[in-house]
């Protein structure tokens, strides 16, 4: 038997020391959240008014104005990206789970994995080359396209994950009824995992609602409000960026309030997904 | 029935007991899985615990090195006495550090579980290093002795630097036995150590357990009755968390006192 | 049927609807793969003028001067690496520590709450981090943290001297090898002087608030949720039996964490840290807002700098011709780097998963 009691004291101490360190590290990880949140609330709240949502920005130096242009722009861009991105993402998710181990599914999986890791500014460059250059100008189309590329891998992965959870016996039960495979998938399986698929879509929306980099030289910005899908379009994140880096105090205030609104929307979307997943799992 | 147990337990001399439990109970949340078990294990016994699955025998031995309490919602009540410095001490007494108990009461698990990141040598030396043994020659010596004891030395002496997980299942289990033996425990707990192994590896481990008897007291959980009959000299039969009968293996298997024991060993349930 | 056919093909033959359905799925798959490859091609096309004109020199040139049509991307590469490395150095212990806290210390309810808060941190948009960085963190850095660091780690401190000697000691063997091969004529004295200059300059200069260190700090907050979540997943792949083996040997909880968890999962933990590095390298908005945007190789952590992502964000809208093409070249390089890093990290994590299953 090995007895080294003097060492046991050291071991006990180092045990408690390191466990305390881990607690401290965990605290350090979440502390910035409160730090950021407190500032957002305090600085953003000050500028929160009805006008913020209804008025377009005033020129530099004038007091007042709002971010109505950016809010409508963001809604348009998110709508466009949903129209492109969600069907494509869903289809990719179904392809991943249905084509299983075929070569094409493997390549698709690698593409989607890598697509997740592409820096968003690079996606902006791509949308610029593919849409802005041929259209000879910034447009909501280009911005929506860029955002949809951000959405596709998120929707695809979550759809695949959720389809993977469906037991094979349900597939088989449907097939045993004489239903073709596509009907089994669309009519039997998908309705059952609706909540899970919605979660993926909402998470993707939460993500793109805050994306700035892909919009800088695709949707660009404007200060008048919505002027059609082929025109430059403002968005909340880009506007926040522009105003935050300006030297005008009114504009900076708008940036803080815009950030508060943006974070509120993103958090709500996350909260909804959390409630949805809790109900399904 | 209680009287029968009392009779087999009481007369045994306290001086030679390697381990004794007094009214030991254990729970998972509200589930009472080990009920009021009192039994004594003599020094150098191979003591087998048999019973149908879910009877609490695994939980029982996990209480003996205070591993049960590591599970979420687990609770233990009662006493477990093992010989300490000059006198017997209760491992559940206040202020007793479970860590020091686990070094004195070693354990081998159901599935072989060598540390995946470590070599064969480092696996065996892991417990020693934790205990503060740093001198290379001491480590080498004890690792070799332990591997010889675990009947693994000849197979691995040329590849001590290979990862422990590179061995076969049976070899991995013997590696885990060597790892447990290296810290020179007073008692070795084995939780169905052969249930994940093939018959040949099982036979080797059984052989090994019988040899270990001279060095260490072994408590082995098994649901293989032949195994219990082959290797142990004392046997306890558990049913639904209760200790039904305990005694010399031979008498348990040839003339059980309790009708439930008889039903179990003749294969009528379990 | 004599030769085996995958199940879905057998079915597809049976029914017209299924045939169309699977054809459509394949078409979508090919389309998405093409989209990804198209990304490389289109950005490559944008960058081509610059690639042709400058080639590999682009990556080592340290002068970025659009009016003179001189384009060297070294300042951005250095800025990207430096800010990301700072982020990883700060975030790695915090993230892995939090993952261990969630797995080993926190009771389940607390763990759920903490994990949720960390997730929220991931949900905050980059531009909001930037806003907070500019108006809250930067003044604190300028007034408190940077003067403090300059006092204890800056020029003429024990730290700077020790670091300089340390770096010399590390570099000396390489110098010796290079010397014997006849590759360089650097002496120990000049090596030491160079290293000393670097270490003395590290925390030198006026505390501006905006700069390399601040952007590294903001990045570290931003990548912590990613690395924490990935590390947590990696730690979950370590079977409970291995933890129990360590406890059964008489390991304390911390010893068990080292012996069973960290050793077993180290490949995966390194993988998740590298994925965090990948995120930091590609991060754009927050960095653009706090790094100070100066197209020169920074000598001090307090100096403003520029990253590959931030220079594109800053200059793309006003660029044309060779300037635009060179920015696309920067983007292409960034793309390649992040692909390589992600590929590496994923391979590491996959390798770990295979190991633990065996």
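Note that the chains are named A, B and C in the order they appear, and that numbering of residues resets to 1 at the start of each chain.
Simple rule for what comes next: a contact is a pair of C-beta atoms (placed from the backbone, for glycine too) under 8 Å apart; a residue touches a chain by one contact, two chains touch by 3 or more.
Keep in mind that what you see is a predicted model, and the values were worked out from it rather than measured.
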| item | value |
| --- | --- |
| Most remote chain, CA-based centroid, reference being chain B | A |
| Leading chain pair when contacts are tallied as C-beta pairs | A-C |
| Centrality ranking, top chain (CA atoms only) | C |
| Rounded Å distance, chain A centre to chain B centre (Cα mean) | 53 |
| Centre-of-Cα separation between chain C and chain A, whole angstrom | 20 |
| Centre distance in Å when chain B and chain C are each reduced to the mean of their C-alpha atoms | 48 |
| Touching two or more other chains - residues of chain A | 11-12 |
| Overlap residues in chain B, where contacts from two or more other chains coincide | 99-100, 103-104, 130-131, 183 |
| Touching two or more other chains - residues of chain C | 252, 255 |
| Chain C - residues contacting chain B, complex | 108, 238-239, 241-242, 244-252, 255, 259-260, 263-264, 266, 355-356, 358 |
| Chain A residues touching chain C - in the complex, by the definition given at the top | 11-12, 14-15, 18-19, 21-26, 28-30, 32-33, 35-36, 39-40, 43, 88, 91-92, 94-95, 98-100, 102, 104-105, 107-108, 111-115, 117-126, 128-130, 149, 152, 180-183, 185, 206, 209-213, 216-217, 220, 237, 240-241, 244-245, 252, 255-256, 259, 262-263, 266-267, 270, 274 |
| Residues of chain B touching chain A in the complex | 97, 99-100, 103-104, 128, 130-133, 183-186 |
| Complex contact set, residues of chain B against chain C | 65, 67, 70, 72, 99-104, 106-107, 109-111, 113-118, 126-127, 130-131, 165, 176, 179-180, 183 |
| List of chain C residues in touch with chain A within their complex | 6, 8, 11-12, 14-15, 17-18, 20-22, 24-26, 28-33, 35-36, 38-39, 42-43, 45-46, 93-95, 97-98, 100-102, 104-106, 114, 116-121, 123-132, 134-136, 221, 224, 228, 252-255, 257, 275, 278-279, 281-285, 288-289, 309, 312-313, 316-317, 328, 331, 334-335, 338-339, 341-343, 346 |
